[in-house]
Amino acid sequence: MRYTDGKVHDITIAYIGGGSRGWAWNLMTDLAKEESISGTVKLYDIDYDAAHDNEIIGNALSMRQDVKGKWLYKACETLEESLKGADFVIISILPGTFDEMESDVHAPEKYGIYQSVGDTVGPGGIVRALRTIPMFVDIANAIKEHCPDAWVINYTNPMTLCVRTLYEIFPQIKAFGCCHEVFGTQKLLSRALQDIEGIENVPREEIKINVLGINHFTWIDNARYKDIDLMYVYKQFVNKYYESGFVSDANNNWMNNSFVSAERVKFDLFLRYGVIAAAGDRHLAEFVPGYWYLKDPETVREWMFGLTTVSWRKEDLKRRLERSKRLKTGEEKFELKETGEEGVRQIKALLGLGDLVTNVNMPNHGQIEGIPYGAVVETNALFSGNKLKPVLSGKLPDNVNSLVLRQVYNQETTLKAALKRDFDLAFSAFVNDPLVTISLKDAKKLFKEMLENTKKYLDGWKIKA
Amino acid sequence: MRYTDGKVHDITIAYIGGGSRGWAWNLMTDLAKEESISGTVKLYDIDYDAAHDNEIIGNALSMRQDVKGKWLYKACETLEESLKGADFVIISILPGTFDEMESDVHAPEKYGIYQSVGDTVGPGGIVRALRTIPMFVDIANAIKEHCPDAWVINYTNPMTLCVRTLYEIFPQIKAFGCCHEVFGTQKLLSRALQDIEGIENVPREEIKINVLGINHFTWIDNARYKDIDLMYVYKQFVNKYYESGFVSDANNNWMNNSFVSAERVKFDLFLRYGVIAAAGDRHLAEFVPGYWYLKDPETVREWMFGLTTVSWRKEDLKRRLERSKRLKTGEEKFELKETGEEGVRQIKALLGLGDLVTNVNMPNHGQIEGIPYGAVVETNALFSGNKLKPVLSGKLPDNVNSLVLRQVYNQETTLKAALKRDFDLAFSAFVNDPLVTISLKDAKKLFKEMLENTKKYLDGWKIKA
Amino acid sequence: MRYTDGKVHDITIAYIGGGSRGWAWNLMTDLAKEESISGTVKLYDIDYDAAHDNEIIGNALSMRQDVKGKWLYKACETLEESLKGADFVIISILPGTFDEMESDVHAPEKYGIYQSVGDTVGPGGIVRALRTIPMFVDIANAIKEHCPDAWVINYTNPMTLCVRTLYEIFPQIKAFGCCHEVFGTQKLLSRALQDIEGIENVPREEIKINVLGINHFTWIDNARYKDIDLMYVYKQFVNKYYESGFVSDANNNWMNNSFVSAERVKFDLFLRYGVIAAAGDRHLAEFVPGYWYLKDPETVREWMFGLTTVSWRKEDLKRRLERSKRLKTGEEKFELKETGEEGVRQIKALLGLGDLVTNVNMPNHGQIEGIPYGAVVETNALFSGNKLKPVLSGKLPDNVNSLVLRQVYNQETTLKAALKRDFDLAFSAFVNDPLVTISLKDAKKLFKEMLENTKKYLDGWKIKA
Amino acid sequence: MRYTDGKVHDITIAYIGGGSRGWAWNLMTDLAKEESISGTVKLYDIDYDAAHDNEIIGNALSMRQDVKGKWLYKACETLEESLKGADFVIISILPGTFDEMESDVHAPEKYGIYQSVGDTVGPGGIVRALRTIPMFVDIANAIKEHCPDAWVINYTNPMTLCVRTLYEIFPQIKAFGCCHEVFGTQKLLSRALQDIEGIENVPREEIKINVLGINHFTWIDNARYKDIDLMYVYKQFVNKYYESGFVSDANNNWMNNSFVSAERVKFDLFLRYGVIAAAGDRHLAEFVPGYWYLKDPETVREWMFGLTTVSWRKEDLKRRLERSKRLKTGEEKFELKETGEEGVRQIKALLGLGDLVTNVNMPNHGQIEGIPYGAVVETNALFSGNKLKPVLSGKLPDNVNSLVLRQVYNQETTLKAALKRDFDLAFSAFVNDPLVTISLKDAKKLFKEMLENTKKYLDGWKIKA
């Protein structure tokens, strides 16, 4: 890297999962808009062709006149090649294919277990983790060997276990996980401010929050806009919309869109706990007992959120593949608009180009009280000149902490089970998952079936008869 | 107190719940057999007549020739009178009546929630705690005022919350809780030793165990008899009897007795976790998700344990009242046999008459890692000369600790709710109980109904419409 | 307070010690330069006339054309009056007079104990603390009563014990302590950058550091400017100047000025510990064994720092009193230049006008590992919209932590001794101070003499014969 | 091992340092008196002939008619040979010779630093530790390889660092350290009971104490005999004998014997801290600032204890060598009297032949609050059937904990320095030792000289010019 005139040149970013038709394009756009940094993005993907497509797409973008951030994109044949010399590593992979995910999400439905996402916790999240952890073991070892000083940003789910695995294998790694779910809650607070106080269009960055919890089950116990206590504003807002739900845009009706909700789960949790759950309702519902919000499709409808099916994901992928082709041929061009992601701002702050405070996922070294040391938690952190230091975030109320700890311990157990390839240990996590509300016998059958469906990625496992 | 020739005289014991027709009689028998200590037992009960009956029964016992330990029994009109000058306080009360307990145990059945005991955790345990905590607040305050230096032994359930309340109100109290459930597991290990190794009649005191957990959900992670590793013996034993169950005595068939089980729950937990659950199956089943062992009466039968009904308890009380009459008139006499309780041995050790190591319930000051400081836990402790010091007991496996913590946090929440009379807080504990596997709406209805049924003891509460 | 157009009006600041001829004037200057906030500063001082002089001086300043921040200054007769309605409280008092300080600093010299400042630790710091703590008890109680929600900024020494006392008396207080010593070390790093790397005039705010320790004995374990590792730069700098010392400005020769040093103590500590001590040498020398740097005046000269005498302070006060007169009559006017203090920036950040990260003194809630919970420590913290959250700062090397803990425990002991007025307890802190390198007998004599000299402020103490 | 009729046969004990003419003979005597255990003692020593002499002496003892415990003694040529198959390992070595110890103890006297023992802390203790740690690294590795399940009992000084090293190298080791210093304090309490209360000859085992601290700097915060509070008795005792000192036996005058003291240091510490220091005055004096009790020989005399010279030790060794010859030839025979050591009782308890509670040195896992996790501390522990579990011992007063922590951190630093062979790190511990009350320059000279004197044992070190 070279620093001149407040700019940094010759930065090397390794992008693992560089064939992605989503996150990778967001990064390209964000880099294109930023003039203070430049360098090379090395794209690695198990699907080399996909990475190569993105090389073409990225370099075409860099050639555009209206692009300020000029980067060279380069597909790599091996993980090692992409990591060598990297200053930053971005990990954004799909662990397995949508076929495995189909089993994760839908196999449990036979037993009456419904999942709205199925990639974080729940039976689907656990099995996905068992499949993903060995991949992250390999990645951690490769980073340790090829670029131990690089900053590593993870976007892959299950976020907590991905980051936790990196640190388990290479404790000195400088890794953190990023997720935009909290931003959505800041935006909701901005809407509440408008609805209750009549203050319009406050950008989310001005909504000052204290964040604590684990990814997709994060909480806000203090929120403020200037001299206004947003906890109080939100209370009025929740009371107003508890029954009807709240959907911000007419065209984003929760009934038509498996990603949108009417925030009723979030409102219900607030009324019970007094703190704000800071993730989408589809995620939140999966962290608590299944009979609360996910008992059956009717219950889900009452709580006004959607179940994201994997067939939808497969359709969506087809659309993105089409778009990829158009982008490659130049038939379509990126719009240089705001993506809402923070990766580039984080990179800048780590390069010393201005401090940044935002929420990240990192091992707990005291930033949250009442959660075991070393477990990966989500709180605010200060990015400042090659340093990333969590902000002390206090303690969740006991009744919320209990819900969080149940998942934290399940995650620790899942990690150990994945590393040891221990069926019994993994099953003990599975039956302790709040969505697995079935008999021990059925749970065993289901678990075996789900492992069978993903066994291609479970090298060395012995799935018990 | 006076010490002469290795004996201690003029000891004063206050017995709260001194009208009891069970625990109180055990104490009388144990005191009668012990010659090294003597003094006065002051019996206090909200039912003065019951205490007075026990005064007559106790003093008659002291007159017997074959009795070595001579004590004066004296019923007291007020709590204060009983506590003044006490060296020891024993608390063994029934919080409310069996009518309230009937609601605790059976009201949830309408919603398909079955409880095998209903006095510790589960919906019944939580509501019982809400009723009991104010009583223990009063007791703690009275001890603080009238006998702050006394040793306080609690036998009342819910054990954990009773002891926890005493320390919350009067942090300097010298209190601990005693329970014989662990002894039963030591006896089971002795049976396993006989069955697997052919070593007969090993007394439970010679089964050396490391104990850790919370009352009625305690665990053994290390057990040994001389050079024999009992964890390994137990593994063989479990494998042998997992399907059939194990019942030690022909006449104690689990099907005929609501207190007996065939240990299948214990065996199942061992196979999953590798550590020994050290309480009766009826208790253990209540600490884990309801769909595991308590889904419905048929599931309970498959796991070969019994649901103790409150009508059985009412019948049993009648029998004990009859016996009380016979004891009072002298028609019946106590047999001076082993009761299996340790209270008198503990008292002796605290008086400096020989050390004792046994399991007790006390606030966690580090005796268990991974459980919050201050929560009441059960481990071994050393009784020695006016000192009671827990033995460092290590850490539960993560997957077990997760189950334990769920209850620990629920108990802390229940305590706070009871002290603040906070319906919402109490309800947040209620819906997080592993047995409350119903919808939020039903849970609310049930909770209100149960509170209504015990409202006589919920002074100052506002049960929400 | 009112918020309009990004400005905040009608703020109330209570200034305890408002007759000050130093810190108060700095605040006036900083407020005058800042246009986004305005309101009233209520000046309270036990010397009412001094506060009243500052009222005149402050209001005259507000009248000036070139002043952007317009504040009303108002002297108050009582502490209560100043605190009522306060949004912020600034505490900057002299505990006792320079006569007591003369004893603190110079009485120990009879026994060969030399102190370079005598207001933080050492025999002088301990006795000063015993005198100051009761004053802070009163202040904490008054804040609790009159403005419990106000933010409280302390500048008084001994910093750690002042802040610690506020929290001991009123645990919910929103207090922190500010000190500019760390800024000086940032400036030194900027000098090193110039000297070693030829990069000139880097402002201290761009020197990104991780700060951890206790006030006046703070440490930096990571320092960076853009891509430059300043720990490495500093190492070269120390090696270059270890023998000669380093003094930045010709006219600031350490031999002529009791406040300036040649940084040799700092350099020596760095060579031994590998981390940067971040306070002036005069302070640092007092935290370590007296025979290291403060054995006698000759040793002090070798290490090239100065002993600040109290007679110098008395002279200096005279000069400031003269200046006060001139300011009052208008004969002299403030220059509106940079004071280097951060109070106003902190106030703005707490009002929600932009985030700020800087070092503050607060109770340890995990921001430093290896130092007891609750002890007041100095680390970076995030000021953001009515929230102040420490940044997780890690752990000192064991050999440095040992030196820090010795002071932390001495401070805790001193606090308890002051609250209980316990001579023996206070003496146990006194003899454990690293500067008290004399026999127990002499130490007792000295301690009594020093207490006698300050007994006017030791109400309720019994100084043992 | 074989268990029959309450006895255990075929036990194998490895004795490292088996040529010892002191501890080894005590063990022989204790084993000879105990009939419930028997087997083989394998004697390993770097001086094979010494071990062989003890083989002869031990086997002769086993042949005696009056000996109940029959053991086979066998000298081994290698460490490996002695460890293979061992059930217990005893480590009791002299690290280096008395020539190195002469430097440890007396070299510092040139700089006015006096040491009363010089084997635990102080300049001598630190240098001894640097020499000893590599030996314990080797022993730990050999145990890990040859008998990982054996119980390991250490008697070697510096106790804390020897045990700490074993755990650092082999964390699963089942090791603990034994020391009789606390027993001496129990005996002193028994004397106090006689002197103040007229109760005679209470055996030390009946003095119930709570023990906490580090080896040779252990403290008692609660002591009781039956209903008598010995803390109060001791207070009266200390007040009575503070000035005159207390020596129990006429022939044990402290002036004539370098091992005896008049307990004045202990009394002085009690008056200052309110808790009882539980080690000999010679040890205690070395843990606190040198100017307190060890300023010069005159000060030592005033405090009425002795400086043990190494020339005395050399003389004593000659006497023991003479005795060894006589024992070997049969000219002299062991008396089978009480040695006062507890090793054999501990072995029995670990074999399951009765529980034992006594004080041991083990890593802190919560048995003491306020001391870092993992540091080796001394508290009571429960020996019971192949388990050794510390008893929760609470917390030292802050002012005592400060003194203890200074040593704990110095020990951790010394360990790291020894493992890394890091001169600077070792020196940072050296200058932080409370006895090293000299200038940094002199300290450096002294430290180098002392390292030079022991350099034969400092393989791989670079002693800086």
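The chains carry the letters A, B, C and D, assigned in the order they are written, with residues numbered from 1 in each.
Keep this in mind: contacts are C-beta pairs under 8 Å (C-beta built on N, C-alpha and C of every residue); 3 or more make two chains touch, one makes a residue touch a chain.
All figures in this text were calculated on a predicted structure; none of them were measured in a lab.
*Asks:* Hey, what chains does chain A share as contacts with chain C?
*Replies:* Per touch definition, common to chain A and chain C: zero chains.
*Asks:* Just to confirm, which listed pair, C-D, B-D or A-C, duplicates the contacts seen in A-B for more than half of them?
*Replies:* C-D
*Asks:* Between chain B and chain D, what is the gap in Å from one C-alpha centre to the other?
*Replies:* 43
*Asks:* Taking each chain's centre as its mean C-alpha position, how far apart are chain A and chain D in Å?
*Replies:* The separation of the two C-alpha centroids amounts to 55 Å.
*Asks:* Residues of chain B that contact two or more other chains, please.
*Replies:* Residues: none.
*Asks:* Work through the pairs of chains, note which ones touch, and then classify the graph as line, ring, star, complete or other.
*Replies:* If you draw each chain as a dot and join those that touch, you get a single closed ring.
*Asks:* Can you name every pair of chains that touch?
*Replies:* A-B, A-C, B-D, C-D
*Asks:* Under the touch definition given earlier, write down the residues of chain B that touch chain A in their complex.
*Replies:* 268, 271-273, 289, 291-292, 295, 299, 370, 372, 398-399, 401-403, 405-406, 409-410, 412-413, 416, 424-425, 427-429, 431-432, 437-440
*Asks:* Which stretch or stretches of chain B touch chain D in the complex?
*Replies:* Contact set of chain B toward chain D: 1, 3, 8, 208, 210, 222, 224-227, 351-352, 355, 357, 365-367, 369, 380, 382, 384-387, 389-394.
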